[in-house]
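First chain A sits with chain B, and in the next complex the same chain sits with chain C.
Now for the complex of A and B:
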């Protein structure tokens, strides 16, 4: 989860999120270069006394057309690379269905046995010490580590969005539509997210918690719950 | 008195370009590359089971309560 004053990304827990962080660094670097350039030129213009009466300057016009086009290509290529990487055929080991309701999520693991449960936010009055306010749920989404998970996201009533920033996942939950996404959790851990599409009074109070554990532990848990 | 603006512009446009490239390079080597290295270092010696056992002992996992 994010710290109280955090404005940067949460630590990446999936390969796609790592790629996205690197792409963000690359884009911010380009933005920094452009802003520095503009600020320098602006300062130079404002502090100078010389004026220009040039009406026609072909060389500089060519430069300030070609250079921005080159910058855009520098941004587009890594962006498309990651976009296509996210859509690669990756043969998921597990399929999980996430269904958005007002105002909770329900999950279905129906690959092998019929395991379904609802996931409600833990009210602050019932929150144990050390737990995170407005982020904890009664039943977490348990997934095996280092396995590709396919998530089918939909909604029962209004628009919702299933988002887990640390895993680089955000998928809209639209009634009557199945949206697919996939992720791979690189490490053991607990990853928090919140509903990311306005859905009514308790939109801020239907969080998502993904708990990534070794495969053996996941199998124990799922057989315990589906028995 | 000829070409005073052109001379100043040439100097400062080159200067602006160099400063902006410098800023970008500084960001790359002060932020972007250390971040990549930090992730590589973390995963180089990462022990999934050890991490799991530590979390289990701390009692933070729903699917693996501490005994």
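Now for the complex of A and C:
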């Protein structure tokens, strides 16, 4: 989860999120170069005389066409690479349905029999000591580590969005439509997210908690719950 | 709280960022000063300094990130290789078992 006053990314827990963070660093470096250039040009124009005897300016026109094109290509190539990486055909080990309601999520593991549950936010009055306010839920989504998980997201009433920042996942939940995404948690841990599409009074109070556990633990949990 | 250049680039935590900015600054100083000493033109030397800063910073950034990506791929391959070695050791899929098995049959 994010610390207080954090506005940078949370630590990555999936390969896609790692790639996205690297691309973000790359983009910021290019942005720094452009900002430096613009600041310098601004300073030199403001501190100099406002006279110009330039007529056609062919050279500068060429420069300020070619340079932005080069910058865009520098940004577009890694971006498209990650975009295609996100859409790679993989063989998911598990399929999970996440259904948004007002104002809770319900999950269905249809690979198993009778494994469905609702996930409500733990009210602050019932929160145990040391737990996170407005982020904890009564039933977490348990997934095995190092396994590709397919998530099918939909909604029952209004628009919602299933988002877990550290896994690099955000998928809109639209009534009457099934949206598919996939992720791979490359370490064990608990990953928090929140509903990311305005859905009414308690939009801020329907969090998502994904708990990544070793496969043996996941098998124990699923056999316990589906029996 | 880490220092952020121009308010958005986290120099301390982004790999290669600190080196890029430092090399860029040093290079820009050298180029700007050198141009001024050679030509005594202040404004043009400042242009050369800023241009040098941007080119050296971006140039080192691409070089460093390329090497970092190369290293990360090698780390992943090594990790996968180690995992597979532990997983398949002693089984029929173990590539080393085939070699030792043939040695034993010769002796």
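Points worth noting:
FYI, the second predicted complex is superposed on the first by the 226 of 227 C-alpha atoms of A that agree within 3 Å, B and C clash if a C-alpha of one lies under 4 Å from a C-alpha of the other, contacts with A are read in each partner's own complex, and residues count from 1 in each chain.
Just so it is clear, contacts are C-beta pairs under 8 Å (C-beta built on N, C-alpha and C of every residue); 3 or more make two chains touch, one makes a residue touch a chain.
The structure displayed is predicted, hence computed values, not measured ones.
Once the complexes are laid over each other on chain A, chain B and chain C cannot both fit and instead clash.
Annotation for chain A, partner touching more residues between chain B and chain C: B.
Of the two partner chains placed around the shared chain by superposition, neither chain B nor chain C is touched by A:179.
Of the two partner chains placed by the overlay, chain B and chain C both lie in contact with A:44. When the two structures are aligned on the shared chain, A:147 is found in touch with neither chain B nor chain C.
By the document's definition of touching, neither partner reaches A:102: not chain B, not chain C.
With both structures placed on the common chain, the touch criterion links A:8 to chain C but leaves chain B unconnected. Of the two partner chains placed around the shared chain by superposition, chain B and chain C are both touched by A:29. Legend: residue contacts after superposition of the two complexes on their common chain; A:187 is shown touching chain B, with no touch to chain C. Residues common to the contacts of chain A with chain B and with chain C across the two structures: 22, 25-26, 28-30, 32-33, 36-37, 40, 44, 48.
Only residues 8, 22, 25-26, 28-33, 35-37, 40, 44, 48 of chain A touch chain C when the two sit together in their complex. Of all residues in chain B, those touching chain A in their complex are 4-5, 8, 12-13, 15-17, 19-21, 23-24, 27-28, 31-32, 35-36, 39, 43, 46, 48-49, 51-52, 55, 60-64. In the complex of the two chains, the chain A residues touching chain B come out as 12, 18, 21-22, 25-26, 28-30, 32-34, 36-37, 40-41, 44, 48, 50-52, 139-140, 142, 145-146, 186-190, 211, 213-214, 217-218, 220-221. On the chain C side of its complex with chain A, the touching residues are 5-6, 8-10, 14-15, 17, 20, 43, 46-47, 50, 53-54, 57-58, 61, 65, 69.
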